[in-house]
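Before anything else, here is the set of structures, which you'll find just below.
Across the two complexes that follow, subunit A remains constant while its partner is subunit B and subsequently subunit C.
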Partner chain A sequence: MRTRLEKWSLLLSAAAVFVLPTVSSAQLSTSDIDTRLGTESHVGNITGHAKDAKGDYRRYCVGCHGPLGDGNGENAPYMQPPMYQQPRDFQLGIFKCRSTPTGTLPTDQDLYDAITRGFDRSNMPQWNTLSKQQRADLVAWVKHFSPRWVGEKPGTPIPIPPEPEVTAERIKAGRDVFARMQCWKCHGVQGMANGPSASTLQDDLGRPIAAFNFTDGTRPKCGDTDQDIYRIFMTGLDGTPMPSFADNIKPDEAWDLVFYLRTFMSQKSKEKEMAKQLALKPVDPNAPAGQQ
Partner chain B sequence: MRNRHNLAVVLSAVVLVGCAALILSQGVNAAGEGKITGTVKLDGPAPHMKGIDMSKDPYCSKAHASDPAHYETYVAGANGGLANVVLYIDGWTGAAQASNAVLVFDQRNCMYTPHVLAMDTGESFKVQTSDQTAHNIHPNPNPMTGNIPWNQSQPPGSPPVEKSWKATEFIPVKCNIHPWMNGWFAVVKGPYATSDENGNFTINNVPPGNYTVTAWHEAAGTQTQKVTVAAGAAASANFTFKAK
Partner chain C sequence: MQVSDRFRFRNILQLASSFAAVALVLASIVLTCSQPANALPAFARKYGLRCSACHESWPMLNYFGQKFKDNGYQLMNDRDAPIWQNPGYWPVVFRITPIWHRVSVGKVQVDTYTAGAPDGGQAIQRVSSSGFDLSGLDFHTGGTLEKNISFYLLPSSDPTGAFHFEQVFVRFDNIFHSSWFNFKLGRFELDNLLSEKRILTLTGNGGIYQTYHFIPQGDGNIFGQIGDNQLGIEYLGHSADDRTRISASLVSSSDGNVNLSTTANAYTGFFAASQAFDAGRLGVQRVGFYAMAGEASTYYLTEGGVPIGGSGIGNKSFSREGFVGQFYFGPHVGLTVVTQHGSDNAWFGQGYGNAEATDGNGGTTATCSSPAPGCPLNNVPGTPLPAGAQSPSWNGATFEGHYIYSPQLIFIGRYEVEKMSQQANGAACTACLQSSSGTFTASGATPSNFGNISTYTIGFRYNPFMTSRAGLAWHNEYNWLHQDGTGPANLTTGALTNINTSEILMGLDFDF
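What follows is the complex of A and B.
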């Protein structure tokens, strides 16, 4: 995983190459936002308080996410899509890493995990050096920018059944799910982010965005345990082209798909070994459905 | 006043439910309601709509092999009628509209049918796919309105997605897999209609009164017109848009 320093130097070298205007979506004023200073978060047995995070936000986050939380911090113009996404606009209340269905708010724990983990392939650093209380306070602070939390509750997390044992059969079945769901249209038949639709992808604000390349050694933004990957394709990454498959993939098939996705990844894994022994071929996008 | 109004709503709801079968089969207007009918025209020749290159997905290009697909920003009939214009009543304060049809937004031959789906706030609609290629259905409202974006995959054989919207808004819809697929959810309050390929429309179930009718087109903009609806009668409103 990239260190913070490496990320910042990436950022600075990006700055030297191009400068593009940021998309501005700031709509709320400070006085509106201030009405929600009482916002709390609940992470495990810790209660976070927005007003206690003011200083930390200024110190650590404002340069990217901006004083109004709209993602227009002074460093934002240097983050260039498609590879580097703009800082999140917290006013919109739209988040990528959720345990909850598409179109719903994430849980406090989801936000806490995202802040702790940071995003690989992104300028969003990891903040595991801050205390748990500081991070919980920051979660409340992030929430207070958006009026959505006043009237809406987070969605109900999608259930993740216990992970079964990996078998050759399951990996083969996972390949069928990958073919049937046509993940390859964006991610490519070998997971290299070069599917037929990859070059035209845009995020919700109309900025170019790259699909995830499973093979380049980077990790998914929303975590890289098997459970995280299961959650990613079931919930989708809101604000991006990555859709939710919760209505289309059954829990058992979802595990098969997780195992198959592992075979693309450069990290060593049981799945990768098994795929080699099976001599699994990539799916054939031109074959009729069912024979790919 | 307010109470009497509520009573009237409750009573007419009762009457409506009681006579639902009759009303549906005979198209009789309840409680002396009127309607607004008219035609939307395009001034001058229809702008040329670019053909769509679907070669990135052989399923889609095959589906249009004998009937090439075009963008649907302007769909004009032979008589200059303009289709896909949504007509509704500005500042509607009456009751929500009882939906008498299931609203369906179909992904068919890698296009949206209809291109514009009008609906009332809170009215449910279904998104379905008739295609043997995967789509994703991705409406992109402004979350500040109270309408929240979502994004669901639609591989072949997907069950329909059933949804509704909270707030009035013209919401663009797209498929990220097929970037030419663009459509609209036109969410309005109260009775509405969408102009057909000849530009004709009828807004049904309008109680007698004075109204401002708004006509919205995705590219040509909006126009308004004042109309007076008499009990059981049809008021007329005609619009002419200039292509932009």
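What follows is the complex of A and C.
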């Protein structure tokens, strides 16, 4: 005959068996991810180790990106487009800001730069207060969430030719590229993100996404140097409607486009001054090809 | 195995299984309850970052949090201005701490009784008191008014509910689009890398940095309290990544008191600079220094013998300077060191300066004039500095170590030492003033160690959950403080005695 103590023991054990799995169900795929804890990163002469970034990820990143790196942190429900952008899902291994061709994995340096620079117009701040080693470790940690890094290698960074001199002809040529590539469909004829397609844009996960507004004074997400802007439309922003134009425009034309886009931006620039002197008009969406 | 042994073994198994089951259920309950709360600390709510992103352990800032603060409570991600905020955002945080604590004071002079009635005698004994208690309530509210214009307002109450404005300021940041030009005006904490307003400990003596508040016994300089919030203006400049920081403040020498009721017409300058550097796997280290020099009044104009409030003149000088280092030894261990050399003018050493300090007979500035008995010490023109009086000076240091097991659990250990290097009453003193229990009496030379302090504080803070939505810390702390010569005088010999006090505290420190 069972004692009262034994009965209670059985009852409590049964209760625990039912309760515990519901609590820990969200951790089921952790073991899969943990198999990649040996992931490394190489940034300059620093080697990052995923296992060393666990504490920093938990301290700084997990609130948005979630314990499984799937972008489902506790803050994700509060980050609704268009005011906010959803945290990146690291498990997909798809990244906007890369130096590598579209569809390929970014380099470790790309991820390191993203952590250091942060992303304007998003909740991702600059983490340049962390030591270089901490950031390299976090790069390895980000990589360890996605199985893509197991079988794939990062793409080869696209070459960026030296920046030519800005001329009025180049700015005008850039306007032609802007029209020919139909950039205005999303970004608008004056770069104000109000093109006819702007309201319909969605990312690869079907979430609304806004085109970049060149005129409101904010900085491009993947860097604001001329080289950064060149890189953005030659690599595309994977996971978003912004495609790569690497197969459609030549490097020289890409530079022309950079100069033309600078004329939209509110910051003072040589391009903006030249556009004013030229009395450059916005592209006409209805003009026949080549007759802007 | 004997039958009795088997029976004992079976009982042990039953007990073990019961304990295991109870432990499992408790674990289930704890895990289930450790879900994000709905309440939102202000900045974490605005930016969706966990407390741990900005705080080594709340409320102590880490490097990222310091940078956020230095940028005027902005992440600099083009989403800082209020226009980008959720309309429901309301930047208010409430903080209060229900506690249990036990305070033990080593030497207290008490009345003695015989047959149930006071016998007119006195004795010295240890007095301990314990019980449940409450901290004051803080309403923190702060944020951006516009891009690069921010504010902070902190109405704060004592445990009885009496409110004052602990911090109030407006700051302008990134003037000329440069992180090197930032200003703030109001009542604020001086740019101390080891912030007392963000201290991790809560006991009476451990909840402040002794190094920031130390003044010689009987010293009348009400300023010199670099841990207190001050009224003034501050310039701050820093590199974009906050590796290099410099600041300079000009504040009233009123120790933050309003209405110019204490020290008026006197100002103090505070300068601080620091540089951080990357030490690889050890982390980012920071070293710096600070210096403060100022003047404070030592007497008041009078009308009909009554001091006129705000008329403080007869300014005398004082200075504080020291070194600060924030060192990390990997992700878990940190050590902060602050040193200080302090010096006050000899007049302060004789007790002049504090309008509220009296000669111990209960006088106030409104009812009497100096130097009559019972009145504030007032350095009226012609008052001679007693022969042998000299500028008191001292050296102090704070060593605070942290072991960060995880963002949710931090262990704290602190040692502070303050030692007089020159007493206000030198060897030549025959009629210098000396404070004892608030009464100033003529005195000879002061023992060299009089007023020295050494204190230890240990504790830990455990956050049972860590989200960007609320903060709760289970706080445990023990403090022990020793001071030379400030205990009650020996009842037989009249000799100075040392005093030891200790406090143990447990509480729930929460904000929402």
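Quick notes on this one:
We adopt the following convention: the second predicted complex is superposed on the first by the 263 of 292 C-alpha atoms of A that agree within 3 Å, B and C clash if a C-alpha of one lies under 4 Å from a C-alpha of the other, contacts with A are read in each partner's own complex, and residues count from 1 in each chain.
By definition in this document, a residue touches a chain if its C-beta (ideal position, glycine included) is under 8 Å from a C-beta of that chain, and two chains touch if they have at least 3 such contacts.
This is a predicted model, so every value here is computed, not measured.
After superposition on the shared chain, subunit A has more residues touched by C, the comparison being subunit B against subunit C. Of the two partner chains placed by the overlay, only subunit C lies in contact with A:G63; subunit B stays clear of it. In the superposition on chain A, A:M242 makes contact with subunit B only, not with subunit C. Applying the stated contact rule after C-alpha superposition, one finds that A:T156 touches neither subunit B nor subunit C. Of the two partner chains, subunit C is the only one touched by A:L130; subunit B is not. By the document's definition of touching, of the two partners only subunit C reaches A:G55; subunit B does not.
Looking at the shared chain after the overlay, A:E74 reaches subunit C, while subunit B stays out of its contact range.
When the two complexes are overlaid on their common chain A, residue A:D120 makes contact with subunit C while staying clear of subunit B.
In the superposition on chain A, A:R180 makes contact with subunit B only, not with subunit C. Touch criterion met: A:S197 reaches subunit B, while subunit C stays clear of it. When both complexes are aligned on chain A by C-alpha atoms, no subunit A residue touches subunit B in the first and subunit C in the second.
Subunit A meets subunit B in the complex at residues 27, 91-94, 102-104, 147-148, 180-182, 185-186, 196-197, 200-202, 204, 236, 238-248, 286, 289. Chain contact summary for the complex, subunit A toward subunit C: residues 3, 5-6, 8-10, 12-13, 15-16, 19-20, 23-24, 52, 55-56, 58-60, 62-64, 74-75, 78-79, 83-84, 118-134, 218-219. Interface residues of subunit C facing subunit A in the complex, by the touch rule stated above, are 14-15, 17-18, 20-22, 24-25, 27-28, 31-32, 36, 47-50, 52-53, 63-64, 66-68, 75-79, 84, 86, 240-242, 278-281, 283-284, 331-332, 406-407, 467-469. Considering their complex, residues 56-58, 132-134, 136-138, 140, 143-144, 148-156, 158-159, 161, 176-179 of subunit B touch subunit A.
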